[in-house]
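These are the structures, in structure tokens.
You will see two complexes here that share chain A, one where it goes with chain B and one where it goes with chain C.
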Partner chain A sequence: MCCSRKTSVTPLGGEDGTFDYDLAVIGGGSGGLACAKEAVNHGARVAVLDYVTPSPQGTKWGLGGTCVNVGCIPKKLMHQAALLGESIHEAISYGWEVPSPDAIKINWSALTEAVQNHIKSVNWVTRVDLRDKKIEYINGLGEFKDPHTLVATLKNGTKRELTARNIVIAVGGRPHYPDIPGALEYCISSDDIFSLGHPPGKTLVVGAGYIGLECAGFLNSLGFSATVLVRSVPLRGFDQQMALMVTNEMEERGVAFHHKCIPLSVEKLESGQLKARWQNTETGEQAEDVFDTVLMATGRYALTKALNLPAAGVTAVTGSGKIAAQTEQTDVAHVYAVGDVLEGRPELTPVAIHAGRLLARRLFADGLQHMDYENVATTVFTPLEYGCVGLSEEAALDRYGEESIEVYHAFYKPTEFFIPQRNIRNCYLKAVAERGGAQRVLGLHFVGPVAGEVIQGFAAAIKCGLTMEQLMNTVGIHPTVAEEFTRLNITKRSGKDPNPASCCS
Partner chain B sequence: MSKAICKGLRSPIRSLINLRRAKTISTSLVHNETILVKNNEEFVNKVMNNDKPVIVNFHAEWCEPCKILTPKLKELIEPLDNLDLAIVDVEDNAELVHTFEVKAVPAVIAVKNGLIVDKFIGLVDADMITNLIDRMSGKKKPS
Partner chain C sequence: MISFVNIEGFDEFAKYTESIDQKGPPVLFYFSGSKLPDGRSWCPDCVEAEPIIKAFLDELKKNVIFVYVDVGDREYWKDKACPFRTDSRTKLMVIPTIIKWKGVQRLEGSQCTKRELLQMLFEEDD
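Let's turn to the complex of A and B:
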């Protein structure tokens, strides 16, 4: 039983007692809101606590969580802005008369205003939705007082206590800052870039995970020179052959990469610019350069410290601060967790939403279904996008062994790239499959335009147990880039040239 | 159409009026300035209890179509002395937004003698706006 502590002050709900709410959700982001909304659909009384502690640079935002405010949404919009800038130039080769192409440049404040206006509209619709669904929204930082009691500290310092029969922790995470001089004082993170009050200028991005690469990617395309410091490898955890395609493309577009380098310090100069020093961990060599902006993208940490989990009796917290909860249930029966705060789960909005909904159904609608975290498709929105679903080649080799795996691969040339003579060197895809029988597909990987759109449908196919036989028997749509999956026929094992001879045959 | 709207929206109006049971003041503004609604009380006093019909415009700063519609409404209504314009910023007036079930902006509600007589959502064309204004200011017969 969870309520083993005796309190003399506030009466707890107890066995048959009345709690203020059937469900209290800490965190109004993708996972928290989805869980809350599903819960009210099944008659629960729900409260959502949401609070944004300002970033070191002072940035804050409204209801909706990371995705809406400083993640997926603004990221995709800026990626789109970058692509459109490229399109204007490509259009010329298709016959469009564009006056003074050299004068085309991005108005950073117009871009951020448009992006922020959209975000605000989403914040508002979210609030209206919560109100309509009669979900109580408390704009306060929540923490546990005891297993069933939360205390929310509002912006003006006042505290509000509430009790709940069930509690879901959906607090997500925030950017991590390296412990070096100047990091907190002078550097920004993804929390700040999408509303930056001045054009970023020449930017150093520290970190080569998807956040660092996506930011460096769109900044470079928008006309701001970008340099990336890579500590170990780019896109660690992703298929490394594909990660190399992505970074090759970025390099060919002018993004500078410094591999095996860690930041040492960031200093502010009289000019207002920033001098960053870094060190190559292999050679020991140090280097420095002056930038207008330094963006830290060195990982994210879960916001569990502020929750006072010991007061709830929750001990299933890993060294990284995340919560270990295989079925979203912590070691305290009525306390659950969804989203980025969970250990060992993909940190993706659709994962949090799906898991949140299924959890609400299990709690309030006799639901039995558990979240399947396998074969979740995702996409890295670098200038040339990388979409994937299932196992990387390395993971498949590890799990099944080289003899039991077959990898089909190909380079391809998107039809639309010919006329503007766009670089096709990194347009590549592969299917990792079981070697025997019908060759069940274990993973699909695609680098190219609109990779997210390409991969989505295949995620459903993999869920159905897609085999190479079925894939090869699927007739492609022509001319598209997605059809390249249906044309796969060369294996890595054969050693044959995966470059295309010509289109159509 | 207006009858159906009146029916559906009469109860929220009642509940809104109940928010302020104190003596209601009937106002007719001397100058025809646009009413900037900051709270429920102001809304009840200056819109619900207005002798003149009022066009209520739900507006948001982050909404591009609002930035087109709101100035247009001001331009058309300010010169009139028998019709008022009230602007409700949705960020500052969450209760009003909820009461009038405003799910999208811009939203325009026409109020006459404390009753809703018309409503439209989104940036509609100039004809619809002038049509509504003409009807509300008595220039045209109600449809």
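Let's turn to the complex of A and C:
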């Protein structure tokens, strides 16, 4: 079979009538569902396989994938709960009469109930949508039997076989557990935290990627003491100056960080609490402490092992288990991959959704457009958020060299922070740009409130080729924090003080 | 065995919810606009849905309580402050709506006319 199919539309249904479906999608998450729904819009017969293997602690969830059930959605809700708790106290400085501020505390079970109810209603709406669109939903763990045949194993053990002309692998990933004593038996992960049946109490978070930091952040704000073990650096891969702002803010709010530390073991004490031991990899020093909860946030791995890819002939699998597929096309002509399972692509819901839709259009609607994975904006929802789009300063220096880069930066003071005297020390932003000409913007970075809202519009601007000249000629909206991007004028190179003189000047 | 209950208005609805046996069969509420003298509802979507739902229920072999709730006349429903719209137990945005009591599952508007969706709502256990 020729592998260079470019624009020919996949014949639908009964051309040779040999396949049950035009498209089978393995994985009912962000990427898989978007691809499936777009495909039916163009007349394809589609089946979606989705299955959640329970976490080591036994947690399971419904249709919708990581984002809906144990990712973006519950994370944002808990982040919001944490922010609201802070707001109640800030309100006092604005004149609100709040009875017994010291008595204000979070009811963990009310929080998780509200969050889980929302998730369940999203699961329901998702299932109604699939049924309404006549997409067959099979609640089974899918694997390949041969290049066009999948076998789904249902919860009760029965197996269901189906054939499809095209197959999209959208299985995503799951949390990785370090291979240390006690990890699987006693520790939880992001799979479990959002439905934890008891308040987490004093928590150790192992891992300082965005998942670890976001969890430690909201737990701390909700009133549960949080400690973070950082193996190398926080938010590895992100701009490190901004990562430092984020962790400084967390530390100033009471989150403890142990840098260059790896976990050694977790044991359960008679009290039911957990004793965790760790080691500083630079000094060799060991330490331990007792916690109520230990949350592993040490990375995620792609769920490709259970797929039996060899049966499909798919060999483009990297050492990490991810699938190498430049245009979402694997090394087998009719087998594709979207979402977190892909090697070298941002692990983000909107990326999976967009790529899934474009793929479906190429397969079933004469679509020509390919996914642009460059300049994808994202936000880390730590207590003080970090939003960014484009290159980090390090990546820009690496790619262009110091002489060809100009970095504009500033500290700023959100108007709303003055009255409650909120900490402004970590409110900072920068633009990384080409040094010559109109200075094309290569990356924008912002630490502050509502960072996601601030950065989103600028992602579109960067797509249009935004230059510093244009940015500086954009009139800001006042008073906002986003306007600070339009006020950037001090370069790192000048050595001038990036601290704000005063508002409005 | 389907048990049929007829309720008129919000007060009767609220009172009924207090009498629901938590351990009893699932309760499904169907909110519809009231009937005009000719026997049809003032709400055209409800007129469309009712025979389809009736036919579905005739074939349903499950132990459920189907509660038909007459929401009221058009002016009452259209009022933003209508308790069926504002009360957190119902939070109706559209009629007809079918709600599974104490569950997140509901069908709204034209969803109520689709057999596969009625199947999902009535036949599945949580």
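The criterion applied here is as follows: the second predicted complex is superposed on the first by the 489 of 505 C-alpha atoms of A that agree within 3 Å, B and C clash if a C-alpha of one lies under 4 Å from a C-alpha of the other, contacts with A are read in each partner's own complex, and residues count from 1 in each chain.
Throughout what follows, a contact is a pair of C-beta atoms (placed from the backbone, for glycine too) under 8 Å apart; a residue touches a chain by one contact, two chains touch by 3 or more.
Everything numeric in this text was worked out from a predicted model, so none of it was measured.
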| item | value |
| --- | --- |
| Combined model on chain A: chain C and chain B, fit or clash | clash |
| A:W124 touches, of chain B and chain C: first, second, both or neither? | both |
| Touched partner set for A:D132, first chain B, second chain C, both or neither | both |
| Touching partner for A:K155 - first (chain B), second (chain C), both, neither | neither |
| Footprint overlap on chain A, where chain B in one structure and chain C in the other make contact | 117, 120-121, 124, 127-128, 131-132 |
| Chain C-facing residues of chain A, complex | 117, 120-121, 123-124, 127-128, 131-132 |
| Chain A partner contacts - residues on chain B that touch it in the complex | 60-64, 90-91, 94, 97-98, 102-103 |
| Chain A contact footprint on chain C (complex, rising order) | 104-107, 111, 114, 116-117, 120 |
| Chain A residues within the chain B interface of the complex | 116-118, 120-121, 124-125, 127-128, 131-132 |
